[in-house]
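Next come two complexes, and both contain subunit A; in the first it sits with subunit B, in the second with subunit C.
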Partner chain A sequence: MIVSILEMGTILGIMALGVYLSFRVLDLPDLTCDGSFALGGAITVASLLSGVPVIWCIVLGALGGALAGFATGMIHTRLKVNSLLAGILVMTMIYSINLRIMNGPNLPVPRVSSNQEIQSFEDMSGGTKLDDLFSDFGEMKVSTKSDIKVNDNIFNNDKNGSDLFLIMIITAGIIIILSVFLRTDIGMAVRAFGSNKNAVQSFGISKNVLAVLGLVIGNFLVGLSGSLFSLYSGFADVQMGQSMIVTGLAAVMLGEIILSKVNIIYGLLAPIVGGILYQLLLSLAIKYGYRIGLLASDMKLLTALFIIAVIGISLVTQKDGKRKFKKGVKKIWSNSKA
Partner chain B sequence: MKKILVLLLVSLFSVILLAETRIGITAIVEHPALDACREGVLDFLEQEGLLDGVVVDFQNAQGDMKIAKSIADQFVNDKVTLIVAIATPVAQACAGATKDIPIIFSAVTDPVGAGLVEKLGKNDGNIVGISDMTPVLTQLQLLKFVLPDAEKVGFVFNPSEANSITILDLSKQAAEQLGMEIIEIPGSTTSEMITSLNALVGDVDALYIGTDNTAASSIQSLGTIAKNADVPIIAADIDIARGGGVIGFGFNYYKIGLKTGELVAAILRGTPVNELESGILSADALDLFIDLDLAEELELELPESLLEKADFVVENGQEKEVN
Partner chain C sequence: MVKLKGINVIFNKGTENEKIALDKISLTINEGDFVTIVGSNGAGKSTMLKVILGEVFPDTGIYMIDDSVMNGTNSYKLAKFIGRVYQDPNSGVFPKLTIKENLILAGKKGMRYLGFSKIPEFGVELLTNLGIGLEKRLNTKAGHLSGGQKQSLAMVMSIISRPRLLLLDEHTASLDPKSADNIMELTKRINREYGITIMMITHNMEFASKYGNRFIKLSEGTISEDTIRNHADAS
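Showing the complex of A and B:
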C-alpha cells in the first residue's frame, strides 16, 4: 500500500511542482495544466503504440506540455490576455488536439498484443430475431480491427519498489536541475518576476520572456507527469486532466504546511511531499471512507474546501495572528529550556 | 486514553478486514445504465446466495482518471477476492494495477481495442468480462427498413467515449452497404450535443443514437429537437428510446449485469479465469421498443411485421409489455 501511494503521489508531485512554478514562483495563475497533463499522456501513449522507444515517448510527452505552456505564454504576453483566460483557451484547444493525436478518446498501454478482428454482434451471436425482416438487404458484414503491439514500458507494476526507485530518480533529477537553474542569473530573474513584475526589467531581461519561460518549464513538468501517469496506470484518456489544477494546488499547499519556505530546495520539495500526502488522504478516503459514508467521489469537494480553508487560515494568521503565534511558540520554547 | 482508543480502532478494522471476503466494484461514473449493470451483478450474486458474509466495496471514480487509478490500487492493496470494473477506463486502470486478482469487466464495447483481452472467448491472464457490443448492423437495417428513403443518418455521440467511437466505426460500414451516409453530430458535453444537433438536424433524414452516456443524459432535449424537426430517432438502447426515440433495439444493462454476475459467481466458486469466456449477450436478450404515439406524430408508418416482434409498445400514452 505504501509503495503505490508513494509512486502515485510522486507522479502527482511532479505535476504539483509545475503548478508551484506558475502559482508561487511566477505568481502567474495558469490553468493550462488540465490540458497539458492529458496532452503529455496522449502523446506518450500514441507514440509508444507507433513504435517509438519508451524514453523518447516520455520526452515527447513532456515537450508537448512545454509547447502548451509556450502557447499560453504567447497568448498571455503578446495578445495581453489574462493568464487564467489564456490557460483556459489553450486547455480547451488541447481537448480537440488530444482526440486527433489518439485518433479517439482513449488509448491503452497494452499488456497483450492483438491484431484480432472484433466481429459485429450479428456475426458473433448468429443473428437476431429481426433478421427475417431484412432478407431484402442481402449479405452484409461489419467489423472493427485493433492492431495492438505490446511495447516496452518503463514501469512493471509489480509493486516490488523498482517503479518507485525509477520515479524517485526522475524526481530527484528534476529537483536538482531546477534548483541549479533557479540559482542562475536567469533563474533569479524568474524568481524576481514573481515578486515584482516590473522591477525585473532592471535585470535587462524582458518580463514577457520570463513569463513565457516560466510557463514553458511549469507545463513541461505537468506534461512529464501526465506522461508518467499514463505509462504507470496503463492508459491515456482524453478526460484524464480533469481537475488537475485543484489537485496540484492542494498538493502545493499541503506541502507548504509540512515544509516551511526556508530556501528554494524546500520550496521545490514541498509539492512532491504534498503530492504524496494528497495521495495518502485519497487512499484513506477510499479505504476507510465507505465505512463512515465518505466516498472517493467526495474528494473533489473536500479538496476544494481544504484549499479554501488553508487560504482562510493563512489570511487570518498573516495579520497579527502570526506574530502572536510566533511569540507563543518562543515562550513555550524558552519555558521548556528553562 | 487516546492511544488505547486508537489501538482499539485499529484492531477493530483489522478484525473486520480479516474476517471477510471482499468484492471490489468500480464504475467510471454513476449513470442509470451503469447503475443498472451493477445492480444486475449484485442481484445475480444475491440469488445464488453468494453474498452472505461478503463485503461489497463500491467505488465510483467520478469521471476522474487518477481516482480510477487510486481505486484500482486500493483494491489490490486490500487483496480483494475479485474486481468488477464497469466501463472502459476503470477496467484499464484495474488491468494496469494487477496481474493476479481476477478482473471482470462489464459494459466495455471493444475489450480488444481497449487492450484488456487478446480476443473474445478464453484468454490467458486474469481478465474476463462481458462486452456491451450492440447489434449496430441490425439497428441500421431496421432504420432503412422503416425509412426506405433515408439517405443521411445523423449519429449523435460524445467523441470522448471510447464505446461510441467503436459504434461510429461500425455504423459507417453498415450505412455504406445500405446506401446511406452517416453525418457525425458530436458533442463532448450535454449542452454541446444539443447545440450540435440543433445545427445539423435539418440536414438529416433520421437520427441514430448508440449506447452513449452523454446522449443518454440529454435524450429528453435531443428528442424534443428531433420531434420539432420531424426527424425520427432510432436508438441502440431501450432507455434512450423511452426518452425520445420512435424505435429502440438493444440490451437492457440490467441483463448485461446479470450475465457479468454469472462470471463473478463462477470465479467465487473457484473456476480459474482462463477457463471462462469473455463474450457478449445472446441475441434473445435483445428488446424491441416501439413508440406508436410518436410514430403517428411523425407520420411514420410501421409495418405490421415489425410490430409483431415488439417487446414494449407505447400506445395512447401508456407503455405495455407485449409477448
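Showing the complex of A and C:
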C-alpha cells in the first residue's frame, strides 16, 4: 500500500508542482490545470493506441498541457481576460477536445506488447475472469484492426518498487531542471514577475511574455502528470482532471507546512512532499473514514475545507492576525474567569 | 534629448467624465538636465511622465527621443533608455528576490534568455557608495529591507544599466525626513557623477527649490512656469 501511495502521490506532486509555479512563483491563479491534466492523459493513451512509442506519448501529453497553458496565457495577455476566467474558458474547450481525441469519454491503456495480437478484457484491465460479468468481453479486442501495434507501458504495476523508482527519477529530473532554470536570467525574470508584475517592464522585459512562459511551463508539468497518471492507472477519462486544481493547491499547502523554509529547492520539493502526504491522507480516509461515517465521495469536500482551514490558520499566524487572535483568547479567558 | 511637441492626452474622451490631462504640452529636456516638476494634484505631472515612459499614448502630438519618434512604443522597449522610481518603495524592487538577484536582474536591458549573469560590478560599486551597508547583505531578500533601504536599492537598480533618462515620481514622499534627504543627495550625485538626465516630480517645495537646474510648474495640463536656474544657484 505504501508503495502505491508514494507512486500516486509523486505523480500528483508533479501536477502540484505545475500549480505551485502558477500560484506561487508567477502569482497568477490559473484553472487550466483541470483541463490540461485530462488532456495530457487523453493524448498519451490515444497516441499509445495509435502505435506511438510510449516515451513520445508522454512527451506529446506534456506538450498538450503546455499548449493549453499557452492558450490561457494568450487569452489572458492579448485579450486582457482575467487569468482565472481565461483558464476556465480553456478548461471548458479542452473537455470537448478530449472527447474528440479519445473518440469517447474514456480509453483504457492496453497491457500488451507489440508481439501479442489478441488482448482480452482481463489483460487490458488487469483483473480476473470473475471481474468480467459478461462472457463476450473475454474475446474483446482493443481495436478492430488486427495489425495494431501497441508499445509497452513504462509502468508494470508490480508494486515491487520499479515503478516508484522510475517516477522518482522523472521527478528528480524535473526538480533539478526547474531549480537550474529558475536561477537563469529568464527564470529569475519569471520569479521577478511573480514578485512585482509591473516592475519587470521597467527593466525592459515584456510581462506578457513572462506570463505566457510561466503558464506554459506550469501546464507542461500538469500535462506530464496527467500522462503519467493515465499510464499508471491504466485509463484516460474525460472527467479525470475534475477539481485537480483543488488537489494541487492542497498538496502545495501541505508541502509548505512541512517545508516552511523559503528557497528555490524547498519550494520545488514542497508540492511533491505535499502530493505524497495528500495521497496518504486520502488513502487513510478511504480505508478508515467509514468508521466515522465518511465516504470516499466526501474527499472533495474535505480537501476544499482543508484549503480554507490552511488559509484561515495562515491569517491567524501572521503578525497582525496573531495579535488579534491572542487578544481574542485573552478576552474569552478573562470573561470565563469573571 | 527628450522632445514633446503639442502633446494632448484626454481621458474618458467623449463621455461626461472627459478630462484633458495634458493640453498641448511642448517641452525639450536636454542631456544632463535635472528638472524638478511641481504642480497640484491632477495638474498632469504623472501623466506627462507616463507619456515619456510609454504607459500612456498621447491622443495628438509627437514624442521624440534623440530625433526618433517614440509615439506608440511599448513601455518595456522604452525601458532601455529610461529608468524609473516611484513613490512606493515596494514598487521599484522585487521583494521575493535577494538584493543580489535584484541587481543582476536590473543590470541588463531587454529580454532575458537561458544564461547566468554575474552580479554587475557597477551595481556593487553604487551600493557601496550609498554607505548604508547593503553591499554586505547581498543575500538578504529585498522584502526584508526598510522603506528607505528599498528606495535606495530601487534608485541603484534604475541606473545600474546606465539609462539616458531617470524619471522620479515623488520618490521621497513615503520616506521619513532623514531617509528622504539621503535619497535626494543620492539623486543629485546620480545626475552630477554619472551624467544621467533626471526628471523629478515632487510635492516637497524645499526639494524643488534646492535641487535641479530647471524648475517646471504644471497647472491644469499646461506648463505655467518653466525656469532655468544657474548651476551655481542649485545645490
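Worth pointing out:
Everything that follows uses one rule, which is that the second predicted complex is superposed on the first by the 277 of 338 C-alpha atoms of A that agree within 3 Å, B and C clash if a C-alpha of one lies under 4 Å from a C-alpha of the other, contacts with A are read in each partner's own complex, and residues count from 1 in each chain.
Convention: contacts are C-beta pairs under 8 Å (C-beta built on N, C-alpha and C of every residue); 3 or more make two chains touch, one makes a residue touch a chain.
Note that the coordinates shown come from a computational prediction; the quantities given were computed from them, not determined experimentally.
Once the two complexes are overlaid on the shared chain, A:Arg78 sits clear of subunit B and of subunit C alike. In the superposed model, A:Thr184 lies in contact with subunit C only, and not with subunit B. With both complexes superposed, B is the one of subunit B and subunit C in contact with more subunit A residues. By the touch criterion defined above, A:Val238 lies against subunit B but remains apart from subunit C after alignment on the C-alpha atoms of chain A. In the superposed model, A:Arg100 lies in contact with neither subunit B nor subunit C. Within the superposed three-chain model, A:Gly194 lies in touch with subunit C and out of touch with subunit B [touch as defined at top].
By the touch criterion given at the top, residues 13, 57-74, 76-78, 88-89, 92-93, 95-97, 99, 110, 112-120, 123, 125, 133-138, 141-142, 144-145, 159-162, 165-166, 169-170, 173-174, 177-178, 188, 249, 279-284, 286, 288, 303, 305-306, 309 of subunit B touch subunit A in their complex. Here subunit A touches subunit C in the complex through residues 181, 183-186, 188-189, 191-192, 194-196, 198-207, 209, going by the rule given at the top.
Only residues 1, 4-5, 8, 12, 95, 99, 104-106, 108-114, 116, 118, 120-122, 124-131, 133-134, 137, 140-144, 146, 148, 157-159, 229, 232-235, 237-240, 242-243, 247, 279, 282-283, 286-288, 290, 295-297, 299-300 of subunit A touch subunit B when the two sit together in their complex. By the touch criterion stated above, subunit C contacts subunit A in their complex at residues 74-77, 79-80, 83-84, 90-97, 101, 104-106, 108-117, 157-158, 161.
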